[in-house]
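These notes open a run of structures that come right after.
Both complexes shown next keep chain A, but they swap its partner, so chain B is in the first and chain C is in the second.
Here is the complex of A and B:
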């Protein structure tokens, strides 16, 4: 599985959405499942999958599907 | 800087009481679905918690814990010189619940009693306040009662808060001792600019009367003016950024060697926050007891609950250990400390079934005429 596929799958599983919904419009709280609990669950899954530890500011700034890709790039995860 | 060090005192015993009713997170399946519950358990860490009914309050839980502790330690109630009640869920706007508890527990009228209005950081502040009294000649024993009925603070239709919030009350007896070694060291801090991040906005005197009708704020979240509000992002940022800074300042100020600490008892905010804080301050998981899975987030009671659950899950124990306490949350308020448990009696968590009848309906009937006829 490519890093991009892993990233997409984590969003699909964390928020119960179809992969086709994941674009620049997929942002925090755009679906009921992306609330604070869903956010923590998603971050924990990303940290496990890519073996990284996100800084607090990055966890808080992780506000959309596309922004998350930029943030993961800082940790050497190129999507 | 609020850096405090105390000697010549010890924690004689700790007990915790919870209500009988157990609420399992699975009960929210209709609300957030089976998958949502599974994710909640995995991320927040709460499998179940104990919940009070309408009639039971935090003071009932604390009184039950105190009764069991004083009986177990065979304490003369007249020997208790101070009673501190730490909670954000008191019985009344006024008077201090501590005054009612002094009466209920049969303590001396020479006992000072008052409330401390703190929650998540409250146990650390309470132990520090109790130890500070024990530095003076006139106080030999302090009964610290700390707890919350957090479940009553929040809307049942606020999924993030209601699933997190549970109830417990604790009793900790502290007394003077002859030991000149440090019994407790504390660093206490406040970031009041964050007061809006965790708040019960109405019902006090800034906003006395509000709307009691719950309205939908966002999908799955309905609140009225009297329900608790939490800005999850700000609380997370505060917890994960400020608590590690607090650890660092505390360790540096007191020249603490973390390897000498046996256990780290942190406020059980949620599992994700606990894990993040532990990772940043390098706490080994084996030294980070967890009780949130079975008792939830009980505000001022999470630290003593975790202590009792860790040391006395099945049977009472006598414990001598250097332990760290750290509480952080509403205020925003935070505190950290190390305390030396010295033959401290720790009781298993008990179930409270008693409810105080304050005869409030007879308030006016009981009023005596100013002048006897």
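Here is the complex of A and C:
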């Protein structure tokens, strides 16, 4: 699986959405499952999958599907 | 009304040392920000505007920050107060406060919620550094089961779990200490320099310390930093003073760093952390005023009164100046031996009903 596929799959599984819904309009709290609980479990899944540890500010700023890609880039995960 | 109220810019506060602003500078900056918030909420929350008009001088007694008009915190139990359109509300926090009473409802928009997280992150960094550490929550995972309606307990756990990783719950669904899970967690993280523990004061005592004592067990948590809050009232009822609480944690868990905090769901984010002297410190984002329960006049250091909390964060609801039902004493300002600047204080429990009734009756009227 490519890193991009892993990233997409984590969103699909964490929030129960179709991959086709994932673009720059897929933002925090746009679906009921992306609430604060869903957010923390999605972050934990990303950290496990890519073996990284995000800083607090990056977790707070992780506000959309596309913004998340930029943030992971800082940790050497190129999507 | 004149020109539209503007929301304050908090960028410079977020960039500075949260305990680095001397009294005069802090009073000037916070005074300006809180004044902007008062104007904002007057314009955007009609019931707030009406309350200020009716209550007038009674709620803005004193010089400096004490001149900011305050609401009694319980008003959020009696009224729906919001300064944004319902469509902008992304999260509603609720708290029951004292059991049996009505529930507070705090409406957050995206910006207020994000500011709360950012400020909490600044304060937690002073405690834990920038890193996120393995986290043990002294509670049960079932407090988060109903995602649409968190208790204040659930919201607190979730808010603080931002600062942990591999968040693990120490209690099972029946509130029993889950020793196999804790042992596995500690084994997994045996090389971690620090373990972050979080729990409500009463839960830590009743569901961690007491079971360990009964079992004659100890946990190797010398690397731990325990953050606990939620008040001492239940423990005071069991006659457990803070010193015994700390001593038991040192004995049972080797825990030396035990940090109390004072905060409430009505001002999430801008919490007051205790230093090694046992003093709660107001960071640059908040302040406290102790008020005489009889006439709300601000009290000097050393005199016990009702705690008023001021916070620069509430934008989507008029909660920037709130008089609590808690009793506390201002201990000083800028001169705590720990080196932190700002006011520092202690909390001594909850006001007896009769003492607080004067204000709640006053404020019940306009609702």
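Everything below uses one rule, namely that the second predicted complex is superposed on the first by the 79 of 79 C-alpha atoms of A that agree within 3 Å, B and C clash if a C-alpha of one lies under 4 Å from a C-alpha of the other, contacts with A are read in each partner's own complex, and residues count from 1 in each chain.
Assume contacts are C-beta pairs under 8 Å (C-beta built on N, C-alpha and C of every residue); 3 or more make two chains touch, one makes a residue touch a chain.
This is a predicted model, so every value here is computed, not measured.
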First, second, both or neither for A:56, with chain B first and chain C second: both
Partner chain(s) touched by A:37 [first = chain B, second = chain C, both, neither]: both
Partner chain in contact with A:1 - chain B first, chain C second, else both or neither: neither
Touching partner for A:14 - first (chain B), second (chain C), both, neither: first
Touching both chain C and chain B, counted on chain A across the two superposed complexes: 29, 35-38, 40, 44, 53, 56, 59-60
Chain A contact footprint on chain B (complex, rising order): 35-36, 39-40, 42-44, 159-160, 218-220, 232-233, 236-237, 240-241, 270, 272, 275-276, 279
In the complex with chain B, residue positions of chain A that touch it: 14, 16, 29, 32-33, 35-38, 40-41, 43-44, 53, 56, 59-60
Interfacial residue positions of chain A with respect to chain C in the complex: 28-29, 35-38, 40, 44, 47, 53-57, 59-60
Residue numbers on chain C that touch chain A, as the complex places them: 90-91, 110, 114, 117-118, 121, 124-125, 130-132, 144, 147, 158, 161-163, 165-167
